[in-house]
Each structure stands twice: as structure tokens, then as C-alpha cells.
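Same chain, two partners: chain A is paired with chain B first, then with chain C.
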Partner chain A sequence: MMNRLFAPLAMIVAAMFAYAPIMIANAPYESTMGLIQKIFYFHVPAALTFFLAAFVCGVASAMYLFGRRPSADRVALAAAELTVLLGVIVLISGPLWARKAWGIWWDWDARLTSTLVLWLTFQAYLLLRRYGGPGSDRLGAGVAIFGMCNVPFVYWSVEFWRTLHPKTSVLPTLQPGMRGPFWFCVVAFVGLFVVLLAARTRLEERRAELEQLYLAVEGE
Partner chain B sequence: MGEYRKIVGNAGRALMMCCVLLGGVAAPSTAAHQPPRTTAAQDGFVPVDTLPPEDRLPAAPLLVAAYSVAWVAIMIYVWSLWRRLSRVEREMATLGQRSGEPDRRGARH
Partner chain C sequence: MSFAATVWLVMRKDLRIEIRSREILYTTLFFAVACVLVFAFGFVREGRALEDASAGILWIAIAFSGTLALGRAFDRERHNETLRALMLAPVARPALYVGKLLGVLVLLAAVEIVVVPMIALMFQANLLAHAWLMSALLVAGTIGFAAVGTLFAAMLVRARSRDVLLPILLYPITIPVIIAGVRGTAALLQAEVDVPMARAWLSMLVFFDVVFITIALWVFEPVMTE
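Right after this comes the complex of A and B.
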């Protein structure tokens, strides 16, 4: 089913990403920050998808660890790679916004530091899977579950500790003119995540088939 | 004794009057020499529109950089994914030919 849906979904996502800058340009300006606030339309959806990717990786890893399903391991590996990709977008767009809004590139406060730790956890997962040798799949699954458990702490860190970062109450109180472009970008990022997850999982499936083929050739 | 009390009382009242008069004259002049009272926010920050142009940080390059980073990161990832996938497909085709087995790619779709 995913094979049939892949091409139309990829085209829809590409069209959404092409149209997003127009919607963002037409969105109203925020009164205190002005133009720089428009980073919000990519930064926050990328961050929400970053959390979603970490969550998918953690759930798939738990399914692999307790159910021994190789397909779940492939999904986990694909989701971990996307977590790192989305984390790069969040961790670069955030400081660019902060430089103008706060006057600094980075602050070691709870939200920023915990986001960096989450990103490093999934970076560690990928390094473990690549260089860990036999058994790294199960060890990696443990790391991914740990990373998934970090997601709620990162999300609510702005409520528990005093930080420079805005609180989670920003989204429900968003001005009506900003809601449309924001949710449009959220859907575009989630769509991108689904498309890339399907493509990356497919790559792992083909690699597994190739491995079987090598074993068959060597056995002849 | 009564005379003495009267003299001391008069001197005390005169001294008090002098203090009041001096206070009245000195108070405005002291206040005039003090810096104007400001709020805490004004002490630490200067409104951005009062800054000279060379001290203002332009928002547009930062905004363009943020969106460019997102686009470039996604493009590089898609390109790397496509490259890895085509390498695996090529390897499968080569291996399939070597073992005499047809490529199973078409059969799975």
C-alpha cells in the first residue's frame, strides 16, 4: 500500500514545501520581533517532527527488543536518521533566531541543553549501529528507548525550569493569521517525515535482501 | 531659672525654624543634582529604534540562513538516500546476474 501511495505523497509534500514560503511571507508580522519571528514557521514544525521521529524510533526499538521483529528494527534505524536530520534543522534555525531575538547564539538553559542531549543520543544510536558490531542492534534499541523517554522532558522543560525559550503556551495562543501557515508547515514536515521514513525503510529492506542474496551466492 | 528656660526655648524654636528653612531650600537643589529616576528595564536596555544603523542587527540574512539550512539539509539527505538506494539496486542487479537469478525488484512491487 505504501508503495502505491509513495509517489503521490512525495509529490504533495514537495508541492507543500514549494508553497510554504508564499504562505510564510503573507503571514502577519509579530509585533515585538518583526521579520525574524518568521523562522518560527520552520523551527517549531521541525522541532515537533523531531520529537515525533524520536518517539517512532523509540516505539519501533521497543517492538524489536521485546518482539524480535526485524521490520521494526529497520523502521527504528530509519527514524533515528530522520531524528538527527530534523535535529540539525532545529539546532541551527534556533540559534539564528536567538541571535536576533535574545542577542546571543546559545544559552545553556534547560530547553536548549536537553534538545542538544536528545540529538546527541540519536547521533550515538547511529554511531553504535554503524560501528558497534554484533549485538549493536539490541544495544541501540536500548539507547533509542532512552532517547524516546527524554522527549517529554525536553518538551516540558520550559514549564519546569526558568529558560529564555518561550513556553509551550505559545501555540494555543497563536494569532489567527499565523495559525494557517504554521499548521500548513506542520503537515508538510510530518508528510516529509512519512515519505523519508518509507524511503529509508525501503533501503534497509533492500540491504537485507542483498545480504540474503550474497549468502545464497556464497552457498552455491 | 524661668528666664533660662525661656532663652533655651526660644533658641530651640529658632534652630528648628532654621532647619526647616534650610531643608526647604536645600531639598530642591539636591534633587536637581540627582540623575533622573528610571525603570529597571530602561537601565538595562535601549530601544532598538534609537540605535545607530551600524549597531542594528539585520533580520533578513538570519532568516534566509535559517530557511536555506533547512532546505539544504533536506536536499542533501534526499540525495544521499537516492545514492545509497541506487547503489544497493545496482549491486543486487549485478549479483542477480551472477547467480543467474532474476532481480526480484519488480516482483516485490
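Right after this comes the complex of A and C.
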């Protein structure tokens, strides 16, 4: 089904990303922060999708580890790569905003730290998958489960220590003019995630098929 | 064979090998001492070591030497494929994990018995004022670190470039333990001792230990099965 839906979905996502800047430009200015607040329309949706990708990777890893379905492992690998990619977007757009809003690039706050740690964990996952050699798929699944379960603890331990980042509770209090572009961007980012995940999983499937064919030829 | 008997046998095997060669203990201990010295010199200000840095240096020394000990402890199992022999034994897999974990914990405890008083001497910290709370923090923190470390080191036995992958995987996951350990110890070592704060961090460490050991026991079997 995904094969037939892929091209239309990819086009819709591309059109949404092309239109997003116009919507963001037309959105009202925030009273105290002004223009810098506009980065929020990309930063927050990217962060939400980042956590979604990590969650998909963790669940797919658990399914692979306990159900032994190779397809779950391919989804986990694809989701891990997207987690790292989205993490880069979050970790670049965040400090750009923080430099103007707080006057500093980085702060050891609960949200920032847990995002960074989650990003590092999935970076480590990819390093393991790439350099771990045979059997690293199952080891990676164990790491991904640990990484996913670890996020609340990092958050909690740092929050106990100190916190500065705006709370998620700002979302319901958004002005009506800001709500539209914000949710539009959320849908665009989630759509982008689905499209890239499907493409990347398909690539892994093809690679596995090719491997099978090589093995079959060598066996003859 | 019962769970406890398996745990005991695996731990006794590891400790017996270690008592005969004392290789991991001596090398890890010397490494930890060297680590403390390097960091003490790294934080020197006006000719004296920074006193607030002691808690951080202590936990860095534990984390670094712990990684080294974990790597070495499982390297031994790689020679002659003894880990495979262990996995083939008709016993509960989680018991093997717990046995290895206890063996690593005994080693790390031996290292801490030397390193902690050394840090206390070098940084003029009064360790004995709250000896029980201090040792509880050390025990809980070391268990949390070693619980994840034992699982990952066991997983990596068959992997390539395992020496570098172990710290890469281990440090991001154990950050909550390190934060809680450092903050709790710092609350006890600072000039105005903050006992309620140290207790709060201790309870958090115990919570992390329970969660990490539960996940590790749950994941160990499917990860180690070939």
C-alpha cells in the first residue's frame, strides 16, 4: 500500500514545506520576542517529530528483539537515522533562538539535556550498527530500548537540578493566528518523517533482497 | 540448578580467576588513581586543587575505571569462547547476568575502597561525618552504572571495535546515575552539609537501579541468544 501512496504523499509534503514559509510569515508577531519567535514553527514540530522517531525506533526494536521479525529491524534502523537527522535540526534551531531570547547558546536545562542525551544515544546506536559487525542488529535493539526508557530519567534528574526552557503548556495558550501555522508545520514534519521512513525502510528491504540473491548465486 | 546457586557459581568463578591473577584489580586500581591525579591537576587554581571538584572527580574516576574493568572482565570470557559455554549451560540466563554483575561490583568496590579515602585526603573532605549516607550513595551509584555496563559489555563481546563502543554506548545511558551520584556526594562534601538533599538523590539512585536492572534482566536473554 505504501508503494502506491508514496509518490502522492511525497508531493503533498513537498508542497506543504514550500507553503510553510508563507504561512509563517503571515502569522502574527509575538508581543515580547517579535521576529525570533518565528523559529518556533520549525523548532517545536521538529522536536515533536524527533521524539516520535525515537519512540518508533524503540518500539520497532522491542518488536524485533522479542518477535524476531526482520522487517521491524529495518524500520528501527530507518527511524534511528531520522532521529539523528531531526535531532540536528532541533539542536541547531534551539540555540539560535536561545542566543536571542536568553542571551546564551546553551544551558544545562532538563529539556535541552534530555534532547542532547537522546540524540547522543541514537548516534551511538548508528555507530554500533555501522562498526559493530555481525550481530549488531540485536545489540542495537537492546541499546534503542534502553535509550527510549532513559529519556524520562534524564529529564527528571536534570529538572530536579535546574530548568529554564519554556514549558509545553505554552501550546494551548497560543494566539489563534499562530495556531494554524504551528499545526500545519507539525503535520508537515510528521509527513516528512513518514515519507523518509518509508523510503529508507524500502532501501533496507532492497538491500536484504540483494543479499539473499547473492547468497543464492553463491550457493549454486 | 536454582537461580541463587547459578549466581553464586558465576560470581565465584569470576572472583577466583581474579584472585589468582589480580590483573583487573591492579590495573583498574592504578588507572583510577592516575585518573584522580590527572583531574586534580586539571582543576588546580592558585596552587591548590579545587575543593568543589572532588565529587565530580570521584564519579569520573568510578565511571572511567568501571568501563575499563567491564571491558577486561568480558574480554576474559571471549578467549576460548567461555561466554558461549556459559550461555549453553542449562541455567536461567538472567542468573548469568546477575552473577557477572556481582563479580564486577566486588571489583569496583575494591577500587572505591582505595580511591574514596584518597580523594578525601587530597581534597580535605570529611568522609566520616556521614559515613553511612556516603557509602549508600556510592553503592547505589556503582550498582546503577554496573547494571547497564554489564549488559552492554556482555552484548559487545562478539562485536567488532568493542573497546570504543562500550563507553560510547554506556556514558549517554548512565548520565542520570552520574548526575544523581555527583549531586548527592557534593551535598555531603560541601562546606555546609545538606543531608536532606543527599537523601533525595539517594532515593533517586535506588529508583534508577531498580529500573535499569529490570530492563537489563528483561533484555539480556533475547540480546544474548544467537
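Everything that follows uses one rule, which is that the second predicted complex is superposed on the first by the 207 of 220 C-alpha atoms of A that agree within 3 Å, B and C clash if a C-alpha of one lies under 4 Å from a C-alpha of the other, contacts with A are read in each partner's own complex, and residues count from 1 in each chain.
The rule we apply is simple: contacts are C-beta pairs under 8 Å (C-beta built on N, C-alpha and C of every residue); 3 or more make two chains touch, one makes a residue touch a chain.
This is a predicted model, so every value here is computed, not measured.
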Query raised in the report: Of the partners chain B and chain C, which touch A:A124 in the superposed model: first, second, both, neither?
Result: second
Query raised in the report: Should A:S136 be classified as contacting the first partner (chain B), the second (chain C), both, or neither?
Result: second
Report task. Identify the partner contact of A:F153: answer first if only chain B is touched, second if only chain C is, both if each is, neither if none is. Result -> second
**Report entry** chain B versus chain C as contact partner of A:T83, first or second or both or neither
**Finding:** neither
Query raised in the report: chain A residues touched by both chain B and chain C?
Result: none
Query raised in the report: In the complex formed with chain B, which residues of chain A make contact?
Result: 3, 17, 21, 34-36, 38-39, 42-43, 46, 85, 88-89, 92-93, 96-97, 99-100, 192, 196, 199-200, 202-203, 206-207, 209-210, 213-214, 216-217, 220
Report summary line: In their shared complex, chain A is touched by residues of chain B numbered 57, 59-60, 62-63, 65-67, 69-70, 73-74, 77-78, 81, 84-85, 88-89, 91-92, 95-96, 98-99, 101, 104, 109
**Report entry** chain A to chain C touching residues, read off their complex
**Finding:** 65-66, 113, 117, 120-121, 124, 127-128, 131-136, 138-139, 141-143, 145-147, 149-150, 153-154, 156-158, 160-161
Report summary line: In the complex, chain C touches chain A at residues 148, 151-152, 155-156, 158-161, 165, 168-169, 172-173, 175-176, 179-180, 183, 200, 204, 208, 211, 215, 219, 222-223, 226
